[in-house]
Structure formats: C-alpha cells, structure tokens
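In the part that follows, the structures are each spelled out as structure tokens.
One chain, chain A, links the two complexes that follow: it is found with chain B in the first and with chain C in the second.
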Partner chain A sequence: MKQYVVEKPGIRKSVEEELKRKKVCAPVKQENSANFSAIHSFEEIVWGPPQTVIPPKKYFLPTSENILSFRKRDGGFEVEALNAAEEIVLFGVHPCDLNAIYLTDRIFAEKNQDENYLAKREKAVLIGVDCLTPCSPEAVCLRMDGLNPGDRFDLFLTDIGDVYFVEAASRKGEEFLRGEGRPASEIDHRKLSSVRKQRDELFDQEEKKLLPDYNDLPGLMKRNYVHAVWEEHGEKCYGCGSCNMVCPTCYCFDVEDYMRVDLENGFRKRFWDGCMLEDFAKVASGENFREERFDRLRHRTNRKLNYLFDKWGQSFCTGCGRCIKACLTHIVSPLEIANEIFQRQSV
Partner chain B sequence: MADRPKVGFFSFTGCEGCQLVVLSMADRLLELLGAVEVVNFREASSYKCDDYDIAIVEGAISRVREITELIEIRKRAGTLIALGACAHVGGINCMRNFANQFEIKKEVYGDKASNFDSFLAQPLDAIVKVDHYARGCPPSRDGEEFLEIVVALMQGKRPYIPNYPVCVHCKMKGNVCVFHKERPIACLGPVTRAGCMAACPSFGNACIGCRGLAGKPNLNAHQQTMEEAGLTPEETMKFYRMLNGMMEVGK
Partner chain C sequence: MKTLFTPEPAKIRKAVPQTEFETLFEMELSERSTLGHKPGQFVEVSVFGVGEAPISVSSAPAPSMPTFELCVRKVGNVTNALLSMKKGDHVGIRGPFGNGFDVNLFKGKDIIFVAGGIGLVPLRSFIREVLNHREDYNRVFILYGCKRPKDILFEDELMSWGSLEGIDLQTTVDIAGDDWKGNVGVITTLMPRLSLDPPKTEAVIVGPPVMYRFVISELKKRLVSEKNIWVSLERKMKCGVGKCGHCQMNGVYVCSDGPVFNYAALKEIPEAI
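What follows is the complex of A and B.
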C-alpha cells in the first residue's frame, strides 16, 4: 500500500475532475440525517456525522433490480439476462461500511458468483474517509472491529490537520489522485498515529464496551442458543425488518416474476428481503422454520456474531450502529445482546 | 381462467375514488381492456350485464340493500376482489361505528333520519368471502398493485402481496423514519401492511394505516412506541380507528 500526503484543495480537485466524467456518490444531508446520493458539487459532501440512513450496499445490491426479461415464443420462453452496471465513484465511505463491503464481496464471489453484484462492484471506486469522531451516538465500530479498514478500499483519507494522509490500496485509487500529493514522510506517519490515538480515545466510551471477549462471540452465542434474552427481546420485536434493511452486511433478497397484462412479456425482479420478516423462512408447504419473532432475532444475531464470524473469521456486525437507531423498540443491538447474555450467564 | 375473463366493477358505501384510480391508469388501462372484457362499470359506462367471472367491489357495506346486492354478486362471480380500504377493512366509514348512532344519523339526515336504513359500516368480508384484496385508500401505487392481482389471476398464480410492515419499504426508500425527525411524528407504519412503497412517510407524513394491519402486527410494541412519541393509549386508538375501526388481525 502506498502512502501520500495531499493538500485539501488537491482532493477537491480530484473529486471535481471525477464529476466531469463519472457519477460520484457521497453522503449528503437529508433532513436531520444523511444518505448516499449522486452529488453535483464538492460542497454537498457530508464529512463525518451524521451516519447515513442506508449503507452504500444499495449501489451493488439495489433495493429492487430487474435481473431477467422474458417473452413467450413458440410455446416456450425467450429469456434475456439483465445486468446494468455503471461506473461510479463512492466517496466518503466510513470504515464500518468499507469493512462491510469487503465482507459482502466475499459472500457474492463465493461459489455461485453473483454477476449482478460483481459487475457493479467492479465498476466502483471506493474512497473511504476516516471517522475522527463517532458518526452517531449508536456507533460501536471500535468494539466490533469496524473502525480500521486495513486495505479494504481503493483510497482512504485521514484528516491530519492541514492535509490528508492518503492510503492507496489499488491502481484505481492512485488514478483518482491524478498525481496530487507527495509521499508521506516519517513526520506525517507520526501525525497519523497521534490523530488515530485521539480518535480511539473518543470512541472508547465506557457504556459502549463489549463485555465478552470479541473472539469468543461465536462461542458465547453457541453456549446460549437457549437463553431467556431471546424471548424477552423477541416479544418486543415488530418483525419490521428495519434492522435488516439498514445493515451494511445484510444481503438477503427475494425474487419474483411479473407478467405484463398482455401475458406475453414479463420480467424477473429481485429485491431486498430480511430474516426478521415473518415469511422469510416459510416454504411452499406452508411450514415456517422461524415462525416466532424471537427465533428470527436469535437467527439474525447469530448470523452477525456466530455463523458468519466462524466462517469468515470476523464479526459480521461492523458496529455501524444503524440498526440500533432504526429499531423503534430498542432491542436489536448485537453488542447489547451479547453483553446482556454475558452478564446474565455469569451470575 | 378462460380467455378474456368478464369483469364487473361494483360500488357500495365509499367515495368511488377507487374506480377513478383504475380509470386514471391511462395506457395501462387500455392494456387491461385488451385482456379482459368489462361488463359492468358505473363510473365509465351505463352498460350493465349480470354475467361476469371476476367481481371487483369497492366500498363498505352500510345499508340493508347493499347486503343483498353483495350476496348476489358473490353468487355470480367466480372470484371477488375487494378494491380499496372501504371494501377491505371498512375504511373511513367505520368512524361512525364508535359514535352515538342516533345522533350521527340526525346530524346527516336531519328529521328524515328514520327513513334511512344505514347501520354500522362493515367491510365486505363481514358479509361474504373475499378472494383477494387490492388494498389502500386509494388502491396502492396508483392502481399498479390492483393490476398485478388481476394479471396473477389470469395466470392462475397467487398474487405477491407483502405481509410485513410498511417500515421495510420506508427503509428501501431511504427515508428518515418519521419517529426520528427533528419534530417526531407518530406513525402507524410499524403495524401496517406494506405494499404502497411507504407513500405517506416518503412525503414526510405519518402512515395512517390504509392498507390494514400487517401479517402479525405487534400492537403491544406499537403502544409503547406511540407512548414514547407522546400519544396516550386513547389517542393511539383514535388513530387506528380513522381507517381501521373494524380491524382484524392477520387479514
């Protein structure tokens, strides 16, 4: 990975150059919150808080996407696969989301490669921005190993005062810079370390501590598959799926065919689905494998902290805090659930 | 179902706005007219015929004559679709059900009140079996969902109607939850069935529940959420009764 130091106007220039050629999407203000959206000027970008309502996964797995069109032909069907992908620059992606994109990249490239996701992903440039203050009161990224993105980006900017410390992990990232900046010096590195140290102190709030050992989260979940916490929280759950929709690592979708009125032409649509929804695990016979809300909450939490953790070696909750905010009944936080189980098992 | 099924539109107590939504579908309507034969449609034609496969019924039931007519329609139709909130859950008409019946009749009809046989408003399925519901006030997504139901029927397929709450689509739209706005608004979305693409919250308003309740609504949780938003249980109940006076869980 290459490290540079770039003057702030240099970054502005790079964004403006990209704007002439490509779609650039970044967090922009939306009422008292923010959301990723296509920008037209550098000024629109929201740096730091507030956290966006929806994570950038929507650019790779759209909320709804036509994946096939079909028409009746000679007693059969003529089908065409649809895969629309455009070049975009995703600017201002927070570390929790960079980590989440890395994880969903693994999922969609495993075994059955998901062409629609991967085509969009390939055409995107990821420019991350370090969070020097928590982007929401709910953020628990420091605890869930989400605050440091490693090299899971094309370019990553940290504000170290008058300049940005820039890490470039790919050719795409280098190209974005267009030769702006100079290689980082020993002094720049020291500045970076001190900025990150200050950052970590800000994030290190007592009330947001993860009580069990991070690496024992899968074990904790396994040992407490049966635990009163699930029923207690489940009872308050709406089954509204808000926690799924806003989660950067929730990637489930449903597929449905739609015929036009002429009964000749139609299309196949895939759209976001969520394991907290009642029909998610319902099969054709009418059997529902996770009929109760507590079953589903236990499943969601286990996906984040156990099943996928075991498989990919890290928590699938990156601590972005979105579900914690979105849940109107305040029951879903994977960190709080883990803490509650941990405390109650040790009494 | 045979080619070009015959379709009849019928209207009971309501504003007939549902039929207008269907009529205003413009080019989609022309496509539909190519696929079905409309034999009864008061809003659009004076032609009437009593032979139809699919009956599409809007409005609630609030008079004796309407009961007999609805039963007659049910007998003739192979499939009956309730169109709109009044037909589905009774809709706004049911607000009368929680008032003093003598007084409201007097207020509307004055000293002629005793000449009118209107009674507590009912959804269609309080009287007959309803096969499908095209929900919403007016029918959701400018009538698109209604069209999807008709197309699914022609294919012999079960229409795809979500049973989860409005929140799902509200999130997909990227809305700031109305409970989380600078000035929070109390919303029925968490217990209302999705399918409108969160029409009202997307314009910054509360969901008023026009699609009826979600599959298994958590009304206890909602009570709590509404209280946190500053509503008393009485106020919450009044809000439900605006369109869902005759609400029935799981419909």
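What follows is the complex of A and C.
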C-alpha cells in the first residue's frame, strides 16, 4: 500500500476531474439525514455525520434489478441475461461500510460467482473517508471491528489537519489521485498515528461497550441458542424488516417474473428481501421454517455474530448503527443482545 | 452473455398426469447432451413470465441422454403453470444443483427407502439407479405412504419394483375406502415387518417435515445407527446456488450444502427438523 499526503484542494481537483468523466456518488444531504446519490459538484458531499440511511450496498445489489429478459420466439423463448454495470466512483464511504463491502464481496465471489454483483463491484472505485468522530450515538464500529478498514478500499483519506493522509491500495486508487500530493514522510505518519489514537480514545469513550470478548461472539451465540432474551426481544418485533434493509451486510434477495401487457416480453427481477419478514422461509405447503418473530431475530443475530463470523473469521455486524436507529422498538442491536445474554447467561 | 441466473432452453417431450395434482414430465435439453445429475439433485425450472421453482430430478442418472424426468405437484404459481403445459412447450432449466446422494456409500449395503407423498419423486431417481446396477447393492426395502389411494404416484412402476427379487415393497395410506385392500396407517406402522440387519443397513427418508421425526425414532428403535440415516430436506429457495439466503437453516444452506443430509450431522442443526 502506498501512502501520500494531499492538500485539500488537491482532493477537490481529483473529484472534479472524475466528475467530467464518470458518475461520482457520495453522501449528500437529504432532509435531516444523508443518502448516497450521484453528485454534480464537490460542495454537495457530506463529510462525516450524518451517516447515510441506506448503505452503499445499493450500488452493487440494487434494491431491484432486472437480471433476465425473455421474449416469445418461434414457439419458444429467447432469453437474455441482463447485467447492467456502469463505471462509478463511490466517494466518502465510511470505514464500517468499507468493511461491509469487503464482506459481501466474499459472499458473492464465493463458489457460484454472482456476475450481477461482481460486474458492478469491479466497475466501482471505492474512496473511503476516515471517521474522526462517531457518526451517531448508535454507532458501535470500534467494538465490532468496523472502524479500521485495513486495505479494503481503493483510496482512503484521513484528515490530519491541513492535509489528507491518503492510503492507496490499488491502481484505481492511484489513478484517482492523478499525481496529486507527495509521498508521506515520517512526520506525516506520526501525525496520522496521533490522529487515530485520539480517534480511538474518543470512540472508546462514546461508544457502548461490548461486554463479551469479540472473538467469543460465535461461542456465546452457540451456547445461548436457547435463551429467554430471544423471546423477550422477539415479542416486541413488528417484523417490518427495516433492520435488514438498512444493514450493509444483509444481502438476501427475492426473485420474481414480470410479463409486459403484450404477453410476449417479460423480465426477471431480483430485489431486496429480509429474513425478519414473516414469509421469508415459508413454503407452499404452509410450513414456515422460522415461524415466530423470535426465531427470525435469533437467525438475523446469529448470521451477524455466529454463522458468517465462523465462516469468514469476522463479525458480519460492522457496528454501523443503522439497524439500531431504524428499529422502532429498540430490540435489534446485535451488540446489546450479546451484552444482555452475556450478563444473564447461566453458564 | 450468461450469468448464474441464466436458464438454458428445454422442451417438454412428454407430460403424463399421475394424479389430479401431479404430472410427470420428460424434459429435453437442447444445448447439452446430458443433464449430468446425481440422484437427489434438483433443477430450477423456469416458466417464463411466471417464475422459477426448484424441482427434484426423478429419473436415474443418464450420462448420454439429453432427457430427464420431473414430477411436479401443483401448489402455486409456477407449479400450476407447469401443469398446464404440454408436449412441445418450452421451459428454462438451471442446474443440476445440490449435493445429491453419494451412491458409493450405499454399495454392498441393504437400503431402506422411506418415501412420504411427493418424497417418492427424488427417491425414484435413486431407486432406479440402484435397479440399473442391482448387483452393486444388497437387499432393498421400499416403504411408501400417502394420504389416500388416489394420491399414489408411479403406481405401475411401484408394482413392477415390488415383483422383483430382493426388493421388499410396502405401501400404506392414511385414509381409505372399502375398495382398498392394502395397509392403512402411518408409514411407521410398516417398519416392524422388516427383517433388518442394522449394521449393514442404510436408510434414506424423504417426505413431509412431520414424517422425519417418527421414522427416525422408529429406525433408532430398530438399532439403525444415526450415521446410516439420510434425509433430503425441502426449504423455500430463490436461487439454488447459496446466495439468496431463503433456504438457510442455522449456518447451513439446503440448496448447496444439501438437500441431502446425514442424520448424525443434521442433529447439530436445530432448525433442520
């Protein structure tokens, strides 16, 4: 990984150069919050809080996407795979979301490669921006190993005063810079360390604590698969699925066909689905394999802290805090569920 | 361009109604010389404009034939649309998917096939494979149960299996009129009649979720070891390839880790049965 120091106007210049050539998407203000959207000028970018309501996963797994078109032809069907992907720059992605994108990348690239996700992903340049203050009281990124993105970006900017400390993890990242900046010096590195140290201290003060050991989260979930907390929380769940929609690592989908009125042409569409919704595991015979709301809450939480953690060696909750904000009944926070179980476990 | 979600064309060569609700289809692929499936695997069948449904392959593996059989029960959108289709109509196929049965583990063994209702469909593939290589396997027991006599699938074929040497076929129905001469009662009532050699026996069970518990506890009473019991599970599926999340039970994906599971392993998965 290469490290540079770039003057603030230099970054502005890079963004403006990109804007001439490509779609640039960044957090922009939307009423009292923010949302990722295509920008037309550098000024529109929201740096730091508020966090976007919907995570950037929507660029790789759109809320709804046509994956197939078909047309009646010679008594049969002509079928065409659809895979729309455009070159975009995603600017201002927070560390928790960079980590989440890395994790969903693993899922869609594993075994049966999902071209519809991967094609969009390959065409995107990820420019991350370090968070120096927690973006909401709900954020628990420091606790859930979401605050440090490692090299999970093309470019990553940290504000170290008058300049940005810039880490470039790929050629795409270097190209974005267009030669702006100079290699980081020993002094710049020291500055970065001290900014990050301050950042960590601040986050440590402000974020809710995780009581169990992070690495024991899968074990804690396994030992407490049967626990009163599931029912107590589950009872209050509306089954609205908001926690799935806003989560950067929730990627489940549904698929449906649509026929145009000519009854000759149609398309197949995939769209976001959520394991907290009642019909998610219900089959034609009427059997529902996760019938109760607590079954579904336990499933969601275990996916984040146990099943996928076990498989990929890291929590699938990156602590972004979105579901905690979205849940009207305040029951869904994986960290708080883990804490409650930890405090009340019988073993 | 092809993606993970692109079905390939197939044509219906035959459509033979089995009961009021089930039809047996023979499908023919036009771009491949064989489906290349194992018993217990399934395909995703597309009725364009309606949707896709996972359906077990019901014919035996046939390495050099572009045709294969599916037996479909109508329960909803896609399956109803399929049953209204006829010879010459076009569908889309993805797959085969899933692990299927590893037939080598069954060679030289006695096999008990336990099928409830439409569970006979995937088992038929395995049973036919065994009959095609009869000398590789030892004794075969086939237990088949369904609701009423009119629900019996593959009736003629069952009769012909039953008449073969070394095959013990037992059928039962839950409810019957006076004209039914066979057994009445749940499938477990057939088990005490079997003369088993437990260490040499493998049991394969496919049926509705409620059936598994009863059959498994009966098999355990007859001293069949848990690791010799195999089941095939059904879940909602929207992709068949381990992505959409619908078929997940705890950390396991039925579409790609299954649908065939060994019972000793399944016991560790609380959401399984």
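The rule is simple: the second predicted complex is superposed on the first by the 343 of 347 C-alpha atoms of A that agree within 3 Å, B and C clash if a C-alpha of one lies under 4 Å from a C-alpha of the other, contacts with A are read in each partner's own complex, and residues count from 1 in each chain.
Note that in this section a residue touches a chain if its C-beta (ideal position, glycine included) is under 8 Å from a C-beta of that chain, and two chains touch if they have at least 3 such contacts.
These numbers were taken from a predicted model, which means no experiment stands behind them.
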* If touched residues of chain A are counted for chain B and for chain C, the larger one -> C
* Which of chain B and chain C A:Asn32 touches, first, second, both or neither -> first
* First (chain B), second (chain C), both or neither: which does A:Met259 touch? -> both
* Once the structures are superposed on A, label A:Ala85 by its partner contacts, choosing first (chain B), second (chain C), both or neither. => neither
* Between chain B (first) and chain C (second), which, if any, makes contact with A:Leu19: first, second, both or neither? -> neither
* Asked: Given the touch rule stated above, what does A:Trp272 touch, chain B (first), chain C (second), both, or neither?
  -> first
* Structure fact -> Dual-contact residues of chain A (chain B, chain C) 256, 258-259, 263
* Structure fact -> Note: in the complex, chain A contacts chain B through residues 30-33, 35, 53-54, 58, 63-64, 235-242, 245-246, 256, 258-263, 271-272, 274, 277-279, 293, 325-326, 328-329
* Over in the complex, which chain C residues touch chain A? Could you list them? => 1-7, 9, 11, 48-52, 75-76, 79, 88, 90, 92, 208-209, 234-236, 238-239, 241-246, 248-251, 256, 270-271
* Spell out the part of chain B that touches chain A in their complex, as residue ranges. => 28, 31-32, 34-35, 147-148, 150-152, 154-155, 160, 163-165, 167-168, 171-177, 179-182, 190-191, 214-218, 220-222, 224-225
* To do: Under the touch definition given earlier, write down the residues of chain A that touch chain C in their complex.
  => 67-68, 70, 75-77, 79-81, 83, 107-108, 110-116, 225, 251-259, 263, 266, 268, 270, 273, 275, 280-285, 287, 289-290, 295, 299, 302-303, 306-308, 310-311
